[in-house]
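The same chain A turns up in both complexes below, where it pairs with chain B and then with chain C.
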Partner chain A sequence: MARVELTGISKRYTGGTVALDAVDLEVAAGEFLVLVGPSGCGKSTLLRIVAGLVEASAGDVRFDGESVVGLEAGQRDVAMVFQNYALYPHMSVAKNLAFPLRLAGVARAERRRRVAETAELLGLTELLKRKPAQLSGGQMQRVAVGRAIVRNPRVFLFDEPLSNLDAKLRGEMRGELRALHERLGITTLYVTHDQAEAMTLGSRVCVLESGRILQVGNPLEVFERPAARFVAGFIGSPPMNLVAGVARDGVFEAGTLRLPTAAPAGPLVLGVRPHDIEIGADGSEAEVIDVERLGTSTQLVCALGPVRLTLACEGHVTTERGERLRLRPRPERLHWFDPESGARVPT
Partner chain B sequence: MSATTGRRIALVAAGLVFAVPLLYMIEVSLHAEGHGLSESPLALGGAVHFENYARALERMGDFRRLLFNTVLVTVLSIVGQLACCSLAGFAFARLEFRGRDGLFLLVVATMMLPDHVTAIPRFLLFRWMGAVDTYYPLILPTVLGGAPFFIFLFRQYFLSLPSELSEAARVDGASPLRAYWSVFLPLARPMLATVAIFTFLATWNDFWAPLIYLSSPEKRTLTLALAGFHQTYNTAVEHMMAAATVVVAPCILVYFFTQRVFLRGVRVAATKG
Partner chain C sequence: MRSAGSASLGPMFAAASFLTVALMLQPAAAQERTLTALVEDATLVSWPVLEELARDFEARHAGVRVELLSLGGASGTQDKVKFMLAGDLPLDLIRIDVTEAAAFLAEEALLDLQPHFDADVGWDPSSIFSAPLAACRDAEEHLFGLPQTFTPYVMYVNRDLLARTGLAAPGADWTWEDFLALARAGTRDTDGDGRTDEFGISLTQWLQAVVPWVWQNGGELLDAGGTRSRMDEPGFAGALAFLRELLFEERVASFDATFAGQLSQGLFQAGRALFYGPVGYWETYRFQHIDAFAWDVLPLPRGERAATSVAMGIYVVPRTAREPELAYAFLREVLCGMRYQQLMAEIGNGVPGLVAAARSESFLANPAAPPSVEVFLDVMDDARFMPPLANWRKIESLCQAELEGVLLTGATSAAAGARAMAAKTDAFLGRERARHGRRRLPSGAMALALSVSLLALGAVFLARRGPAPPAARAREERHAYGMITLWALGFVAFLFGPAVVSLVLSLCEWSPLRPFGDMGFVGGANYARLASDPTFHASLSATAAYAALAVPAGLVVALALALLLRSPSTLAGIVRTACYVPAILSPVIVAAVWRFVFDADDGLINRQLRAFGAAGVAWLREPNAVVPAFALMAVWGIGAQMLVFLAALQAIDPALEEAARVDGAGPWRRFWHVILPALTPVVLFNLVTGTIAAFQVFAQPYVMTQGGPGDASRFLVLYLYESGFRHLDMGYASAIAWVLFVILGVLSLTLLASARHWVHYAGRARG
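Showing the complex of A and B:
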């Protein structure tokens, strides 16, 4: 396991796309860091640069303080799990697992032992003789993970490994990956665009947008104090309400919504999570325009003039469409952002 | 008459166009010497003369030698073709190097050159190398990627495999050559079979290159011997047909047993070309 440092990493593809723009990131030895961001923000590019599959246009990649920029992918001692698993279709599961070991020149007996051990760990023992085409999606995923851990690499790289699985299996695999990381303690970079994975898997989350890092921190911190409007909208489900308005004399106004704010006068964006809005007598008047009953919670979409707010209530609520309510966002749970830069406005 | 009946009749008619000469060849080869063209078909009675075959082989010269030469040239061409075209196709599909796409365009462009245009420069080149009357001119052009079309086929095939496969191999520590050998080549089995069959048919039946380059009698291939037959024994049509039947039999057998692969190859060529 290694400490991974990225300094000033930029990547411009031939054709001019700037996939990464001066990214600095440090992953502690043994840490599980989740890279999250929308499609096309450069997550895979970053991972491939760490793996040595793509050459950065600028910047340095260091493992334990030593630059690996000149090293081929195979010499970096990293393992990668791909979104489409990339198992070798003509090899049995056992051969797939043994392939990196064979290339590393591990002796046959030792190879056997380690393949058996890995298969045991991942519950693949019964499947060793099968070809990838004879496996389910979840099993293929497990083999891909097995092929990564079998040679005990310094760094693990995962590129959206669960995105092809159904929701239930995804939940299970999340748990397994967490347990696996706890057990092996290998430095891990994990790419996803699923914010549930971002929240639950890693000890830290790094939010990328358009090739730039917007925020790095532990998941709760990122959830509680998003550093930018984009992060606020991206992390959390259902997503945070973001309302553009104006601050005047310490009051934020948007539609019929009036809220006290400490932000300086001028255009301002309010962020408030659906769970942080209460229904109360002293709130702003709103009309319910849509109700979504999810079983464990109910989501109400309300109109305050032209402004739309989603609120989430625990359990089953009898509110119907067209009803009028008074809404009160909890004052201590409000976030303010600059509409221009998207940066958080400190209050 | 339904559309399928019409189509069947058309297919049978087209089939006959190709089958009749073949059947006629075999038919003539079984007649008594001197009677192949004059007598009524064997099916209407008459003796079948299998001994024509023995006589024909005898008259072709050292048949074993001819067969050996032909098999040697064919096998080396196939092996060379497979190795070279798959390797070049792999490089064009999966390696990144300066000038790759331009080079590939150049390779594809040579497909436009008819063989007969390059025949004379090629001959001069081989004469300069002192390789006339050896097998090099028959084998080397295929080994050195003389079939840009197959390089193209392999490239398209490798491009159709997910790029993560080569990335996974790289991360697992495989060199490009190792990735080619352990991952891509095994996956290209259908392509390999197709190219092997095409190359077999082309080389086995080739008359042009042996005619240009080979002069020593002991180096001749079957097709050359067959032509020589024509000049020496131009009256013995029955024996000539027997010899021709023997020479084309392997092609017909190979085609018969590998129809599926063959057709798939034609289809790939049609959809990707």
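Showing the complex of A and C:
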């Protein structure tokens, strides 16, 4: 268990791509931090810098205050789970699990004991003799996790470990990983581009975009008070409505939408989550242009002049396409962003 | 079908495709009569003259076209004639070496020209040198050809070195003792480093160059009837012992450095040998530009008697000629005309067979010729041709290995070498005699074998095909068959068919000079002979040793290179390309290049070795060095294997290596535990294909060593080729091909079976 500190980490690949730009991040000992962001934002790069697989162009990586820059990956005492599991195809499950121990010079008997223990923990005991090619995706995933925990490393690194699984299995594994973390308490950096995973897994979430950290905080905080327009649009499902308009004399105008705002006059972006729009007698008039029934909820896409708003209603609603409604975003649940910088406008 | 190779063999293929192409190039329908002559190499200065003569001939014979084909260079010369005859290509006039005449006569492959000479009023036998002409007569004294040029073997002498010995110049009847005294005086260590720098003689030692010493010593090669060898008699062994003494005891002789694929000029040309020989007129052409010292020719020294041998090219008409009259007429015009014969003298080809040409300025006052050029005519009184009793090419190549054992490596004593040569020759002569009593393969047997095996092939195909598929699939299948038909026809015609033919041939005795149907059935005799043939055993072990060296070394180097070059940098790209180039070069070119590397005196390797103070190795002359040398060459050409490894490396998931890095594996353990297991399928592939390729090595030894020294590099396919096209023993060659096939089959299956234990197929479960 270690505290991981990243200071001023930048990475420029040969060819000029700037994958990370002066990233500062601290992960407390035993914390489960999720790195989330769109594809190509530099999540993997950051993780691999921590692992020692990629060398940062600038900045320092410290474990418990001690710099590990310059240490080979194998000397950092970290374990990593890869998206495609990276199981050694010619080794049995038992050998895969034992491999890091063998490299570390752990005696055979001890090795056997720890492999058995890990297999037991992950329900792999039956599979120990099999080769990776004889395993299902979920089983391979479990072996990969097993290979990571068998060494009892200081830091766990996961790079989108669940993205190759189907939705149901992904849900199960999420729960298992959470339980595992609670049980082992090892500092964990977990990369995903799936915001739902980020919200459910992490004790803290770090949102990256274009090599920069936009917001770090616990999931609720990030959801309730997104620090930037990008975070607002990225976190939450269905995504937050973001409407560009103008603030004039305390009123935000966009299409036929009129809302009071405390923001200063000028161009402004409104953010409102689909759940935070009510249908009522008053409010702006809108036409329903699409209805999407999801069973437990229904999504309506409405047009207010050129403005489109998505709203989510609990349960089954009878509204049909073409109907006219009056919409009222809940005033206490509005977010305002600067259209230039994307930053949250405090109100 | 006349091709006689086995399916798996390169050279046979080369022959087959050569025949095919040659067949296709034949004019479709010739209105005119065509005389096809294969008598000269197109690169020679005399080619244009021959062409002019051909045009003259055409002008005087209306409706006749003379087509001159080029013989091609050097050692392939004699083989091309046989390829073409074996392929039933129309040849009306050919040039052969007189030592081959007996073999052609034995196969009744030559036309008796006596009737033509008899009917020829202008023919004057005395216009041609008598001994050479006599060598063109068969057992019934009928002429079957005419001499082109000939040359007796003489001794070349460096007159400057001779003067320095302070001894009297040898006269025409100098003796072995005189020769030895001079040779001793001419042997010197000029720089005092303990190594001889100047030798008494640079000694040639192929059979025809050795036989003069034998004859001088009162020995003989064969008895008068040509039924038994006399090589085990004192006259023969004594001559060998004398030469061996010169080389290894007196140390006044060095073997001729132009031998055994050496590129460097010989010792004589370098001014480092007093004498050079026995050797023929052709060297005058090579030596004409020597300015550093004066040189001349002498008769060979006499032992009990004076004797020398003669090399000669003759024009003959194959029995299968379509235009024998035209062939005869053209032969007479070319060889009895001054124009061509004088030119032959001028370009140093040899002594013209035409007396008038030899007595003309062209020969006697040729600026390229040595002062005592008349020696070539004078020694003809003592000159003998190799007796026209046997296939000398066969005997020569049988004995060459032993000769090299005695004279090149010194590993064998003269007496033992002589006995071995006698035994080999006798065994061969015995087989030749036995041939006449042999049953002929019944006509139709070959056709029967072909039909039966085709039926069997069809049956296997039908059996494997399983039950008739549903209509929709059946249509698809028909399309598929339609698409593979062409390939299938090719397979049957060029692989399966020839393979069956060669299997039948391996049970027969057949010379490619004979009509195809005319083969003697010998049953398993060819295979039995293989079991007791020392040359085959030597060949087999040389091949195995080569494979055992070249294949693992090639794998290791290819893999190491692939690992080094897998990063995508520009430099790696360039080096990768450089490593791949040898793989796409013709092996003949590669061989030519490597002669520079392996050259004993000036070679790249030896120069480096000497620079570090180590002694050089005579790579291609040391029986123990020649196989490693070829293996080294093979390793140089592993570009293709490297490419396969590179492709496989690129296919390995990079995450695997990263996982291993995070797990704490250093470079070596990553290689051993992650990369190598992932590469095992490719290792297997390269191992199997590499082994097959190693067992089929041919072009390099063919170009560089011709199998020597001794039999040290007579690899299986080379021996196969020699058996078929040099020794005219196609049945034996086919038997070798089939043994090779079985060896490779067993080896490949063993390797594939062993794969269960060490090859990891990703994504596929193993038991």
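Assume the second predicted complex is superposed on the first by the 347 of 347 C-alpha atoms of A that agree within 3 Å, B and C clash if a C-alpha of one lies under 4 Å from a C-alpha of the other, contacts with A are read in each partner's own complex, and residues count from 1 in each chain.
One rule holds in what follows: contacts are C-beta pairs under 8 Å (C-beta built on N, C-alpha and C of every residue); 3 or more make two chains touch, one makes a residue touch a chain.
Computed from a predicted structure; not experimentally measured.
Record, for the superposition on chain A, whether partners chain B and chain C clash or fit.
clash
Just chain B (first), just chain C (second), both, or neither: which does A:Leu53 touch?
After superposition on chain A, A:Leu53 lies in contact with both partners, chain B and chain C.
Check the residue A:Leu311 against both partner chains and state whether it touches chain B (first), chain C (second), both, or neither.
A:Leu311 contacts neither chain B nor chain C.
Looking at the overlay, does A:Leu6 come into contact with chain B only (first), chain C only (second), both, or neither?
neither
Once chain A of both complexes is superposed, is A:Val155 in touch with chain B (first), chain C (second), both, or neither?
neither
Could you say whether A:Gln134 touches chain B, chain C, both of them, or neither, answering first, second, both or neither?
In the superposition, A:Gln134 touches chain C alone.
Mind checking 39-47, 399-407 or 471-479? I need the stretch of chain C that runs into chain B in the superposition.
399-407
Which parts of chain A are touched by chain B and by chain C alike?
Looking at chain A, the two contact sets intersect at 48, 51-53, 72-75, 78-80, 82-84, 86, 88-90, 99-100, 103-104, 147.
Which bits of chain A are touching chain C when the two form their complex?
48, 51-53, 72-75, 78-80, 82-84, 86, 88-90, 99-100, 103-104, 131, 133-134, 147, 151, 157
Taking the touch rule as given, give the residues of chain A at its contact with chain B in the complex, in rising order.
Residues 48, 51-53, 72-75, 78-80, 82-84, 86, 88-90, 99-100, 103-104, 147 of chain A touch chain B in their complex.
Flag every residue of chain B that touches chain A in the complex, lowest number first.
162, 164-165, 167-175, 178, 182-183, 186-187
Hey, which residues of chain C end up touching chain A in the complex?
Going through chain C, the ones touching chain A are 653, 655-656, 658-666, 669, 673-674, 677-678, 680, 760, 762-766.
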